[in-house]
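Taking it in order: structure first as structure tokens, then the write-up.
First chain written, first letter: the chains are A, B and C, and each begins at residue 1.
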Amino acid sequence: MRVALFLTCVNDTLYPDTGRAVVRLLTRLGVEVDFPPGQTCCGQAHYNTGYRHEAEPLALRYADVFREYDAIVTPSGSCGAMVRELYPRLGARARAEGRGDTLATRLAPVIPKTYELTEFLVDVLGATDVGAYYPHRVTYHPTCHGLRSLGLGDRPRRLLEAVRGLELVELPGADECCGFGGTFAVKNPDVSAAMGVDKVRNAESTGAEVLCAADNACLMHLGGTMARLRVGMRPVHIAEILASTEQEPPR
Amino acid sequence: MSSRDVILGRVRRALADVRDDEPPYERAVRREYQREHGARTAEENVTLLAENLADYRALVHRCTEGELAAKIAELLAERGARTVVVPMGLDAGWLAESAAEQVPDRAEDTPYDLDQVDSVVTGCAVAVAETGTLVLDGGPDQGRRRITLVPDHHICVVRVPEQVVSSVPHALERLDPVRPSTWISGPSATSDIELDRVEGVHGPRTLEVVLVNGRDEPDVLA
Amino acid sequence: MSGMFVGMPAFPKAAHEVVGNQTLRGNLRHATHTIRAKRAKAVDELSDWAELREAGRRIKDHTLRHLDRCLEQLEESVTAAGGTVHWAADADEANRIVVELVRDTGESEVVKVKSMATQEIGLNEALEAEGIRAYETDLAELIVQLGKDRPSHILVPAIHRNRGEIRDIFRSEMGRWGRPAPQGLSDSPAELAEASRLHLREKFLRAKVGISGANFMVAESGTLVVVESEGNGRMCLTLPETLISVVGIEKIVPTWRDLEVFLQTLPRSSTAERMNPYTSTWTGITDGDGPSVFHLVLLDNGRTDALADQVGRQALRCIRCSACLNVCPVYERAGGHAYGSVYPGPIGAILTPQLRGTQSEIDASLPYASSLCGACYEVCPVAIDIPEVLVHLRERVVQGGPVTRAGNKVVLKPAKGHAAERAAMRAAQWAFGHPGVLRTGQRLASRSRRFHPRTLPGPGRAWSASRDLPTVPAEPFRDWWQRGHGGEEAK
């Protein structure tokens, strides 16, 4: 099976540790993963801000770069949802605008092959115990696109529960949005910040050391909020927890 | 051009993408939901109706046909009702043992007249177990809609099990849309203060439901 | 829509005030969280919720796709049952029709059941201007009317008020409108409900004209349905001699049987009850029972414009349950007034810009009043994909394009104020189209990282006023990968 990592532009630029963790984790599980360098951005921010036409070339690039692979793994619920939920819509809208089936046809092959990381681990590799060791108290925030668009369900939680040394504590109001929302964070800064503060306070109430999620965009917002509030917790991507072992603890 | 033509013209232009060969209503509306939730016997439906009515603060009583007049008299007396509105077609026997003065349901009475009356006794058209709902459709033993609205105390008699259906779909089947209907689920209530439910606003603040069993076997269900 | 919302500031500005108001935040949080948990429980009771939701969606979609035929059928059945049908293309026409109908009765006051359509058209103000006083009779509407306030929720227009505030309004205002509040009125909800019962009873008993909306209109039978709790609806629908119902054209269902879906999904979605206390159905007029004169005013007021939009038309499925408001994290923190419309919350954010257009500052900002978290879509009992329509309307705001306004096709220009964003989006698209450019940018950011500030000036403050910026790593992932794998440089 030829497996590609779609790291996403945010992770590539700001969170390379998450990318390294995915590579380490998949390699440990016997999966040879490739990082095609032509990859850039799925176009989600463009699409969700109203620039659908600007998102189309980015979607086409994604389709071209990843076409040859059997599976495309991404450590981002929202970018995974962009491909799986919204690429079909890009094609349908182009058709409704009288631009024919070209866009839909070119995007179609990569859509079902795109997996969010925890989906890939649980559904494709059939693994819930990935041999990880992470001796910390952790609370998990299921991000909106992972929860409601992709329907990740209890996959992340099953993976975390199997991590040795990890104490998983329930996050109150877990299914509520953290307030990031892409450009929402800057277009409605007051509401976004208020949602972030509430999420951080809920996380803090669990007594966890680590707030874990499967999307660094949300964690960037929450981490920034934690730093500002001087909360003694840190945001960690689930890939970095799952990649940790006794021999290779997280940095 | 009339506004009717303007609006219908706008609608037709807005629907230019709708093709003539779209599936008709019967095929377009798939009804894969259940006609009722769970299999219950007729008696179990009566029990569920009683539970759900009580859950929304209706006072539920059970008796046999032979005990009904005494039960109604008792409820009116407990309430201290001096007057009671009676629909034209109500079984005269139901109120035979009550001392309350009977006020007929007349078209010429004003709302002010009705506001002076203490209680009302009616039958119903159908009752819905799953939702704890009584439906009145203006039948002879139910009268005009306003008589079960203005007095503050409503006693509604349900013949069980024959008037009880399990679910909303079954209730609608029994009703004629041409007749005005009132669906009653507990006494009047509001959620308008902090989205929390409180009973007792404009409709009758006390709803008493008498489930009357046609066969003279007291309390087989109680 | 109603004049009370003219000149509203954009959503973020209006929300700014609320976010800082702790009382209001507390009221909204308490109310929405109370109902959220109860709704989930009420919905979980029905094992076939998904099928009911799908049937509701299909019934409404089918109706909308054949709305012309449904409207004609409805008109015919209402007329045959003794009612009179009027058609109103916009708010002004609807108000004129109602004012005339009330004048014809010779009355100078009316009692009203809570109705979104009459709020939307500003009927109370139009009646007032003609010397006709309209009394709102729903408890929450009464609180809003007495408090000279604006509604902030579809189901509970006074949700922004807590019990103490309601008691104060009743004490100070009831006397000006009729029977004063009882002496020593406390803030217990039961006592407040009792006060409204006493205050409104005299108005119900003397009313000659009632005005309502409707939750549903059945095309085949001409039956109208009002779903309510307090009994004020029954009062207005049955005691007056004349009943005038103002209803949006999208409220139709084809058959009586269709009610079996909505009478299950609506109460559970709105008040989280198995069934609401009272539902009234009526078909034209009935001899000797209820009003002897019945008028139905069918209202367009932008609905056909929404219908013309193939993505946006799903908003017309809405049955006004308000589940989307109660579950929305943005609504919970911004409150209903920030939406500048009688339709607040997620549904308002997609309905208002379709009914009114996207030209005003507030209307152009509404499609952005969402983090696209999808909770609204998840709870919607007719499966309106609100995030999909929000994004579609964002596109309309920033890119313009063909739309229908008042029945005419027009081409919108992109809204003002998005030029910088548009340039940035296009620049990003170009960079993302050239991985080499992206990589150069990433390396520049990494090399200059020691000089990055913790906060940003100007527009960047929108982020950094409340959140630290992420620290830029020493190198992007792709550089690390290339070193380890000797991969080819991207073109």
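Just so it is clear, contacts are C-beta pairs under 8 Å (C-beta built on N, C-alpha and C of every residue); 3 or more make two chains touch, one makes a residue touch a chain.
No experiment lies behind these values; they were computed from the predicted model shown.
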| item | value |
| --- | --- |
| Farthest-lying chain, centroid of Cα atoms versus that of subunit A | B |
| Chain closest to the middle, measuring from C-alpha centroids that were averaged per chain | C |
| Separation of mean Cα positions, subunit C and subunit A [Å, integer] | 32 |
| Inter-centroid spacing, subunit B versus subunit A (mean Cα positions, whole Å) | 52 |
| Where subunit B touches two or more other chains, by residue | none |
| In subunit C, residues with contacts to at least two other chains | 310 |
| Contacting residues of subunit C [partner subunit B, same complex] | 27, 30-32, 34-35, 45-48, 51-52, 54-55, 58-59, 61-62, 65-68, 71-72, 75, 81, 87-89, 93, 137-140, 143, 155-156, 158-159, 162-163, 166, 189-190, 192-194, 196-197, 200-201, 204-206, 218, 221, 223, 229-232, 234-235, 237-239, 249, 254-261, 263-264, 271, 273-283, 286, 288-290, 298, 300, 304-305, 307-308, 310, 313, 326, 404, 407 |
| Residue ranges of subunit A in contact with subunit C within the complex | 7, 9, 11-17, 19-20, 23, 35, 37-41, 43, 45-55, 57-58, 61, 89, 93, 96, 144-145, 148-149, 175-177, 179-197, 220-221, 223-225, 227-228 |
| Subunit B - residues contacting subunit C, complex | 2-4, 6-15, 17-18, 22, 25, 28-34, 37, 52, 55-56, 107, 110-112, 115, 128, 130-133, 138, 144-146, 149-150, 168-169, 172-173, 175, 177-204 |
| Subunit C to subunit A touching residues, read off their complex | 11-12, 15-16, 19-20, 25, 310-311, 329-330, 333-334, 367-375, 377-378, 388, 391, 393-399, 421-422, 425-426, 428-429, 431-433, 435, 438, 442, 445, 459, 462-463, 465-470, 472-473, 475-478, 480-482, 485, 487-491 |
